[in-house]
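The data blocks that follow each hold one structure.
In what comes next, subunit A is part of two complexes: it sits with subunit B in the first one and with subunit C in the second one.
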Partner chain A sequence: MKITEARPYVVKNLKYALNPSSIAVVGASRYPNKVGNAVIRELQKWGYQGAIYPVNPRADKVEGLKAYHRLQDIKKPVDLVFLAVPAHIVNAIMHDCVAIKAKVAVIATSAFKEIGRGDLQDLITQYCRDHELPLIGPNLVGLGTPYAHFNCGFIPYLPVPGTVAMISQSGANLLAALGTSQENHFGMSFFVGLGNKADVDFSEFIEYGEQDPHTKCISVYSEGLDSPEAFLKSCKKVTKPVVVIKVGGSKIGNKAAFAHTASENPESDAYYDKVIKDAGAYRATTWQEFLDVSLALGLQPPMMGDNIVMITNGGGAGLLSCDHFERRGLPMHELKEISPLLTQRMRAYMPMFGSPLNPVDISGTATPIAYKGAFQQAYRDPNVDAVLGAICPTAITDVAAVAQAAIDVHESCKKLHKPFVMICQGGGECHDAIMRLRDNGIPAYATAEQAVNAMVALRQYGKKVAKK
Partner chain B sequence: MEKTYRIGTPEMQEYLKKYYYIPHGLGFVEPGVTAADAKEYVAFNIAKSMYQTHPEVFNLKYVSKQVGIPEKEVAERITKMYRNHYMMLVANSSVNVYGWGLYYWVVKLKKDATPAQRKELSDWFQNNDQICTGYAMEAGGEFDFFNGNHMRNMDNLVFGVLDKFRFRDYIEYVHIVPVRRLIRESHVNQFDALKDYRHYFWSDEQKKNVLKFQKKMDATDFAIIDALNNTPSIGDTFDYKVLGELSGLDPAVMKKDLCMVVDKDKCRMPLIYFNYRALGLKMHFFLVSFFQNTPTWRSEQIADELAENPAFENIFDFCDAHHNMILSAYEDITDLDALRKDILKYGEVAEVLEATSARQFRRWTNRLDYEDGWYEEAIFTDDLLQDHSTESPVICPNCKDPEWNDVTDKKEAK
Partner chain C sequence: MKITEARPYVVKNLKYALNPSSIAVVGASRYPNKVGNAVIRELQKWGYQGAIYPVNPRADKVEGLKAYHRLQDIKKPVDLVFLAVPAHIVNAIMHDCVAIKAKVAVIATSAFKEIGRGDLQDLITQYCRDHELPLIGPNLVGLGTPYAHFNCGFIPYLPVPGTVAMISQSGANLLAALGTSQENHFGMSFFVGLGNKADVDFSEFIEYGEQDPHTKCISVYSEGLDSPEAFLKSCKKVTKPVVVIKVGGSKIGNKAAFAHTASENPESDAYYDKVIKDAGAYRATTWQEFLDVSLALGLQPPMMGDNIVMITNGGGAGLLSCDHFERRGLPMHELKEISPLLTQRMRAYMPMFGSPLNPVDISGTATPIAYKGAFQQAYRDPNVDAVLGAICPTAITDVAAVAQAAIDVHESCKKLHKPFVMICQGGGECHDAIMRLRDNGIPAYATAEQAVNAMVALRQYGKKVAKK
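== the complex of A and B ==
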């Protein structure tokens, strides 16, 4: 249901959704192949330290825990109620949630507005609003945070700890992001599936993300922006970068969005594009771009100017980058235009056949020492706003050592508050280097275009910061 | 407009009008069947999810009037009976018209089968989620298990379930008995009964004797179950206003829909299951075989005549099997000699095998093993679209315990 601005009581209570001291799981099944059982097991498996109260009217024990027949039987404070029950009894359980004064309710259940039960969804939502009980969902996969070892839902893994808050209407895409997190060292601060987002809206999680100390980038997967006014206000209010991937713009995608999460997109895609732009958020157009940009914004400071210096041992990566920067409206400048003195200094780190143009090609023979020196020079030059490094694994390139050089420079120059992004094009050793760089706070990618997109987003964020 | 041949309409097949779904093949789909999670069936699903803590989902006013006690007491007694595992709200579906065959099977162990082997088999049946119901004849008799599956086809039953144990050394035989007519189950006349659809039967003798046999349930408790099971319409079984308040859905629509599914289309049947085992009762089975030259019409006539006797709690009519029907009654409170004579009076009867069960595994997919904390856990492996003949390993006659454990305990058992 539509809101015009984030509601303070919702934003205030979201801390109980992501860091609850106690959870009641209604629909906690005894059978391991049922959702309600999986929720309990995942909470236990990932080391959640709070109290877990399984609720099942048929059982006395679930996964070794005492089970309660009704929420009212618990007799202790419950922060979060997670519902894994059929849609037809959700209304009754929500009344129980209010009766026990739960702080927040999360409804995993499907079969509401998306199958034509809009009236029922609205009835439950209005009841929750009347009683100031934030309702997350329905029709979602779960939520959690690695910082509290909290995995609440039917989600097989927690992400690695990091700085990106992942707010997704789609459970499948959320799971994909979580899988990416484990596999590709994509760190998250918290994650939440919003599903039909009947009550709690993007805007409220965006404002919560602003308050969350671990979050540095707020990333939103949206199938429908049905409260654009609230979204706009919240995005303008927060200082942290917001990345949005908004789908459902195609003719059939519009219908699919409704069938999936009951999302309605009455306006043209151009309208939503403008809303996102006016909000100062970055709109990604592909899932990969969404992840890449989120990673960069979560790890790096904003880029406060257009002067990017690229240092590479491969001309190909440089050219791909040059062209893509220009396509994205952030053309690179020759190094002599940025800093004539830096051009001279760079000569020391390349053979005579290298090029100080920008990209600075320190050649395929570049050693880790050459890389380190070039990175340092670029980083420290006051005219340079950001550094993009690229590694091409020639037979004599020690990829791991170059990555370590990048990490050392990044660490020593952090106080300069300039973005540093890396490209590692190649095989297994490059993949390993990417992971290592990411683990040390440097967004690193396998292709030039990914890195360029990341830098474009950092620049866009820099402009937003400058305006404020 | 083109005909849809939907059940419950004049376009319904002519042959369905007498025996409703009989005669029919096994495992075919009729237009108009209602899925278990369909909106038309939601009233039952609300009640099934909530009656454990909200007995007021039942039509307490109606029951109160029938039984002659206050509504509050009806509610308290329902809760007590549930918590003590004497009753359970369940539902049966006319699975044959949903695209499944209803395949029961009789297992006979060799005389030298050990108690450990018997237990091993019982435990496997209990935990096998493909088996929707079943009885262990632990109290002795001429056969040892009577279990049932509803499956897409018989190959799935054979490959997916039976082949996993039937070649073991201690098995004498496994006879498949596909159900042609589901006449009575758990006291209630089912979809293929000639008359008295949804009627709940107890003989006067049983009603009297059960009160002497045990003290856990009194006459009022039994009367409550009787009242709920014998409502004139499913529209009288539940309090739809309460269902509406709990769910937020429209009571009138829910009632109309459920009446259509249960009373008119006869696709599904909610009922109260009486868990005889919790009271210490034992179920005695008569497995009846006719001479092979018995014509079908006569076989069905006999089944219908036997069904006039309210003492039979279960009556299944089989086809394409060694046996023609199975009937059962409580050993402890019924004159079994009289029932035996009732069956043997027919000259068509070639053989009657008898056995007694003190343990039912499940009731329409709901687990009954409350001792292990599983009471009412409803689970069923949806067989639709699966082909077990390509994936299911067969246990060869010489297989020994490690293989048994590998195939059954790890892959099938919970």
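== the complex of A and C ==
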């Protein structure tokens, strides 16, 4: 249900959603194929340290824990109530939540507005609002944070710890992001599936992200923006970058968004595009871009000018990059225009057939020492706003050593507050290098265009920062 | 140097470039850090079965092989001469090549036109043309094919065997593609770096690809299209699909293309865009799209109509897909418009809260059996032109079993000649599933938009096939 701005009582209580001292699971099942059982097992498996109270009217024990017949039987404070019960029971449980003064309710249950039961969903939502009980969901997959070893839902894995807050209306896409996190070292601060988003809104999680000390980038997957004013206000209020992927803009996508999360998109995609733009958020077009841009904004400082220097041992990666920079409206400049002195200095790190044009092609024979020197010179030149490095493995390229050179320079030049991004295009040794670079705070990508998108987002964020 | 059409003597001789019985390596060095040494080691390491003749005026043995002081000393037929000597010696060696009646010359040496020595490059090229000796290069990384265990150049690995012919002007991007091949099971039939492309042209490799029995898709990375008429004619002549990524269209990219491979782009990017379109080739924008589309065209039949059915267990993947289909000009249609009967049948494979809209959302609880049934129904419906499947791992999804279901259905329905593409978005188990699907002939991708691009290309190829 629509709101016009983030509600303070909701934002305040979201800490109980993501860092609860105690959780009651209503619908805690003894059968391992049930959601209400999986939730408890995942909480235990990943090392949640708070109290877990299974609630089941027909069980005394679930997964080795004492079970309670009703929420009221717990008799201890409950921060979060997780509901995995059939839809027609949910309303009664919400009354119990209010009775025991729970801080937040999370409803996993499906079959509400998305299949035509909008009345029931609205009834429950209004009840929660009347009693200032934030409701997350319904129709969601779960939420959690690696920093508290907290995995609450039917979610196969925690992400690696990091700086991106992942707020997703789609459970499947949230799970995909978590899988990517594990597989490609995409670090997250916390994650939440919002599902039908009946009550708690994007705007409220955006404001919570601003407060969360681990979060540096707030990323939102949206199927419908039913409270655009609240979104706009919260985005303008926060200092951290916000990345949005908004779907449902196509003719059939509009219908699919309703069938999936009961999201309504009464306005054209151009309208939502304008809202996101006015909000100063970055709108990603593809899922890959969404992840790539989020990673960069979570790891690197804003880019405060347009002068990017690219250093590569392969002309091909350079060409793909400069074409894509121009395509994205941030064309590269020749090095001699940025800094004639740097142009001369770069000559020391390349053979005769290299090119200091920009992309600076230090050639396929480049050693880790040549890379290091070129990176340092570029970083330290006061006319340079950002550095993009590329490793293209030839038979003589020591990919791991070049990655280490990048990590060393990045570490020693961090205080200059310039974005540093890497491309490692190739096979297994490049994948390994990407992982190590990411672990050391450098956004690294397998293709040139991904890195360019990341830099475009850092520049856009730089412009937003400059305005403030 | 420009040609106006592919020359028959060149196309005929390219079999000696990619399947030579004997190779002479001129500049065969005894020092392991030299290109002329690496070439011989790579040939041996990957199991090349033909004769290898090192040529070195100051050595009698190189890497355990008898060395010759001059090409003329070999006294046996030589199919391919590989040159890794300084630029100023190349001209003299070409005379030797003609003297011994070599079938093809491959020049790895750099420092020709790309650093201002266009005269020398043209002199050598004209000499080769006068004597009908095809010259590949100069300034290239190498060439090879996994089918002959043939890796000729300074290239760290062979690709996995497959159906894509990779013709790349950039060595670094070729190496990246080879690395991706190993890492992501992107199969290739053969690969070649063209470098400055002084003599042998894209068009001639495109016509060779048409003849090569392993090749099903011909993929070209181009920094300059200096013989557009020849490209156009060859693309129109061949029946196999051609994919092109053409760079150098940006202001700085135009200069970088010259600095890299001496490529000149006197016309606007719109001109080259039109040439590629008129040729009936698919133009990819990003490197990822280039690989994704090539893989699909190499594995699947053309798509002969617009009716795509998507089957997914996650609404998010469905939404990303239908938005991207519309963005790419191939909007999805509702299932009830494609086939009312299929709409009814699909209900059997989903719970109450699933959706048969299209994307067909069989929900997060979908079993491998449900997937199999849904895939089969979609495949067999005569109104359906192509099937897109998506796996989004929930805590209860058996990703490997669903992938196996896809492989089984694909195998049994191959004779229907409809494209089948998969999305597996997530972590390690999805990566493994993607590898298995690809090994079994199904193009599979980690994100929805990649799969959509693949299907758009299959449709475009279908339209080209229908015209013939």
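As a working rule, the second predicted complex is superposed on the first by the 468 of 468 C-alpha atoms of A that agree within 3 Å, B and C clash if a C-alpha of one lies under 4 Å from a C-alpha of the other, contacts with A are read in each partner's own complex, and residues count from 1 in each chain.
Assume contacts are C-beta pairs under 8 Å (C-beta built on N, C-alpha and C of every residue); 3 or more make two chains touch, one makes a residue touch a chain.
Only a predicted model underlies this, so the values are computations on that prediction, with no experimental measurement involved.
In the superposed pair of complexes, A:318 makes contact with subunit C only, with no contact to subunit B. In the superposition on chain A, contact of A:221 is made with subunit C only, not with subunit B. Once the two complexes are overlaid on the shared chain, A:66 sits clear of subunit B and of subunit C alike. In the superposition on chain A, contact of A:110 is made with subunit C only, not with subunit B.
With both complexes superposed, C is the one of subunit B and subunit C in contact with more subunit A residues. Of the two partner chains, subunit B is the only one touched by A:57; subunit C is not.
In the superposed pair of complexes, A:42 makes contact with subunit C only, with no contact to subunit B.
Look at A:85: by the touch rule set out above, it reaches subunit B but stays clear of subunit C. When the shared chain is aligned, subunit B comes close enough to touch A:124, but subunit C does not. The contact surfaces that subunit B and subunit C form on subunit A in the two complexes overlap at residues 33, 111.
Subunit B meets subunit A in the complex at residues 37, 42, 45-46, 49-50, 52-54, 245-249, 373-377, 379, 414. Remark: subunit C residues 33, 38, 42, 110-111, 114-115, 141, 154-157, 168-176, 178-183, 221, 223, 247-253, 255-257, 259-261, 285-288, 312-320, 322-327, 331-334, 352-353, 355, 357-359, 361, 364, 392-396, 425-431, 446-450 touch subunit A in the complex. Of all residues in subunit A, those touching subunit B in their complex are 29-33, 57-61, 69-70, 85-86, 88-89, 91-92, 111, 120, 123-124.
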